[in-house]
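Look for chain A in each of the two complexes below; its partner is chain B in the first and chain C in the second.
Entry: the complex of A and B
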């Protein structure tokens, strides 16, 4: 409970550490952070070239797209939903942006068109979930197919190539102190920072958590539940357009066949990052850590020379472990 | 903490004013669910500064009456008056806007959020200036401070307002729910079985809290199954039977046997 009078400095430091650990545990971040440290220790011990700045930047470059999708996914999971369409909504946006850009439309307009598509999908999904009370699983499964078909139709089932450099800007590197950082990482961090602030410091954030935690209670206290619910889907949509720019930057083409497993990868990242699939629990930092945990695992296993299929088994087991920990923690904290 | 003794005569700081106009009044309420008549011409009055208990057997119409008074159900017939004015509650939110707050049995709290967030849910306060207006930043400190002061004024002993509600005991959670109900200038508080899931000591705490609320000038309606608790806390008791009010009892004038008689129909009110 409360600290007694004049504790020794050592005791106070231990107390502060215990408090910080407790806060991380409550936010669901203790597990992910320990997992990252464990990966660094294990793979770093097995292969000297794992724990290098160069390799970490490579991991970041590979993980940032899923991390961004997972931030949007998490907003929807927080309000007790799930988004099966996000990967293909991202791909559709990338195709739309590319199509417009190649057609000679000003770049800004092309990019805004992509944002309009993803936000529009979010709006329709949110309205169906909030006002018609359809299950998010079904709604987003439906839009998974819609987005896939639209992307194939718009692109004539072929990759759109020769894109203007402005559209690929998030795939560039910037040199900071002699090290080449991918620009996309900063875009992802900006998305993280803004959503983190909105969830932590604004009434909207409180309402998101309250809604996922106990929707009838939130409604009774006067939270405008439908508005918050729809805004979660629209905000996630806007974030998916950023992911589309990351995708274009990484691959330099708009490929309508891309991203078909990205939805599950973003859910995986969220779950590994301590986000409860029941809604209302977890920190937005979690899914980014989750994406990095998966990215590091794939990278580390590759460096150590493990076959890709075994990597998938490892990731699958990791997800089950993460959900199991969530379950056990809930069992303990709720009565 | 000292246990309140059951035999101590209670001297209310505020006494009910039965000559005044009722704060909330209902007459001839009828509610049917299919072929079942839940309320069959029920009447109700709540006077200023009183704790009114509603008792009755299962199916007597207590819950339906409370649902109608809190806006959760719409009566098929009958009239509700708030401060003498006829009102038609459209839904619970509407009733709340008119000053009637209901503490439901399945506590309407978000267990993962802290006490302050729950107390301020839907009425958060923002920082002054640019941070609040442009960046919509919440004034967590100010809310924390007000929450602590409010809880203290109700004598609810919880140390940290930053604790998640799910870490609290059942009685403490009930305390938070009631604290939220009586904040924001509520005029009437309705409580549905506030001690149902609580132990002896926690029940005593909640009963104390009900009196504290009444002493602040907010009349309270309590549904309860426990006659000893009703006799301890209520100023007046409305007895329901078969969808109607069959009698009114006063703890100082009636015995529990009298009330049991009215509940079962063995004795006329």
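Entry: the complex of A and C
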């Protein structure tokens, strides 16, 4: 700002900040972080109750389910795919877990059954995409319907209620230093941390990016393309089962009608988080920030008193804005 | 090794200055639009002392749209600030829970809610009550019921009894051969309406010729009725969960050439449905009053904000509408009901 008499520590700090900003920009995270700061500034100015620890934790709790789905979604997008089924695969897993648990099956077995369902869906989808070479869009659109129908069949088309507390554990709070933290948010962060590490530090992770960026080149350099592709869908499936536990904890029932728009919401989070829909590009942290941006927007708009339909307009505009900013940034980064 | 992107217009490569300016301009307009939605709509009427949060199941259904219109009119008339939210679709529990939490943070005086799943909103509503917010359920009960301070709705069981009593007399001396087109089993509305109908008819569920699930969906009801008529051409009475199911059933009956031989009873009270009664498609329909539910619940919210006690249950009424009144069964003609229907 002021060029007069800038002391050298200040200049150094500014230099460090510029460097950090450049790194974030390279990872595609600068835009999402700026968006979050902008939301905090705007809503904080409009409503004094917005910018409180309590409310920020609430936003995290409201966004954790979509954030978790978006992590799985991003794995599939990174290998140049798309998952239209993830919301309903999550719902199916929640119904399976609930059905088993209510029937008196040991809790661990009930939960593992849910994981088996989502991983199984991922395996079949991955095989169809990798070995039979079907387009991911069509495969997952098909399984969207299969998962929806199975969830309705298994639940007899009604919500399963009175679930054992163990199944709802991710909806609980833990008190740390007098503040109530939602357990589910920690579960989501654990999923993020593990995925982030695997993508960044393991050969599997580098192969994912290589495959998504240029599959023929990856194949020529010796990446076992089919194996990596299938593993992306299976890993995403496992993550969706965690999302199912989050959904159960938050809503306290297994509702076969839930999750109908979660697929698009997870894609929205990924796009806002700077993930390229062409694959091979973007940080896994981005989709989580994307889910938070949308969650914060909904929360802030409700707190300042905006009705439901206008909120949907705002989210639609936000997606287009995010892609525009991403495009601007990419255009510049090549110069 | 940065591959050149290919655009939808067939061009490859980066974009030029002109396009960049357009992008920056577009982004600026969107940003202003977003801020405008936040400030312009949110700031309106902020000085009002009483804020009422209103959450319905979804807005892609004329029933809830009718309720929203009435709620907005009542809020304007009484000078309260109304924040109207809804799930993205019927069954969108996650959004309803978030809305309850956000309205609690906002510090609303009251939350009026039609829960998509009765049991799933209770924890969030308890937290709202703890924060001193009055909780009013409309149309659909909260489970457990005592989480709500008041419940404003149609008495679905009573409406069902009226349907059953009317139908029993209307089919005259014939032996009833009944088809049940249920909505969503285990939903409170389905249980209450069907239970009332069976009581009014004086029959049990197993005495029905067929019992099928339609989810209150017109197409599913059409399929169900076609299959029913193929197996049981002697059906003379059809009970339907709501008007979409009734319209589906009527289409199947018409296609089978059985108009006049089968009575359809239903419950909803939209103007479209009442017209169906007026032209003889349905034997009887039961009126519901979403607008009245909105008015009563907002008035209750104001009374509670002034420290007055509000009733635990308000029955907004469920009159039977038919062209053929039967002795011993109260009803009103469709011409009169057309002044009170919704949608």
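Convention: the second predicted complex is superposed on the first by the 311 of 335 C-alpha atoms of A that agree within 3 Å, B and C clash if a C-alpha of one lies under 4 Å from a C-alpha of the other, contacts with A are read in each partner's own complex, and residues count from 1 in each chain.
Please note the rule applied: contacts are C-beta pairs under 8 Å (C-beta built on N, C-alpha and C of every residue); 3 or more make two chains touch, one makes a residue touch a chain.
Worth saying up front: this structure is predicted, and the values here are computed from it rather than measured.
Touch criterion met: A:216 reaches chain B, while chain C stays clear of it. In the superposition on chain A, A:250 makes contact with chain C only, while chain B stays out of contact range. Shared-chain residue A:67: touches no atom of chain B or chain C. Judged by the touch definition given at the top, the superposed model places A:98 against neither chain B nor chain C. Using the contact criterion defined above for the overlaid structures, shared-chain residue A:236 touches neither chain B nor chain C, since it reaches no partner.
Of the two partner chains, neither chain B nor chain C is touched by A:130.
Taking chain B and chain C in turn and counting the residues of chain A each one touches, the greater count comes from C. By the touch criterion defined above, A:157 reaches chain C but does not reach chain B. Annotation: chain A residues 213-214, 217, 334 touch chain B in one complex and chain C in the other. By the touch criterion stated above, chain B contacts chain A in their complex at residues 92-93, 96, 104, 107-113, 117, 121-124, 126, 135-138, 159, 164, 166-167, 180. Residues of chain C that touch chain A in their complex: 1-3, 5, 14-15, 20, 23-24, 26-27, 30-31, 33-35, 37-39, 41-44, 46, 51, 59, 81, 83-86, 88-94, 97-99, 101-103, 105-107, 116-117, 119-120, 122-123, 143, 184-187, 213, 215. Of all the residues in chain A, the ones that touch chain B in their complex are 2, 26, 197, 201-204, 206-207, 209-210, 213-214, 216-223, 280-281, 333-335. By the touch criterion stated above, chain A contacts chain C in their complex at residues 42-43, 46-47, 49-50, 54-55, 58, 62, 65, 156-159, 161-162, 171, 213-214, 217, 247, 250-253, 255, 257-258, 260-261, 278, 295, 298-310, 312-314, 317-318, 320-321, 324-325, 327-328, 331, 334.
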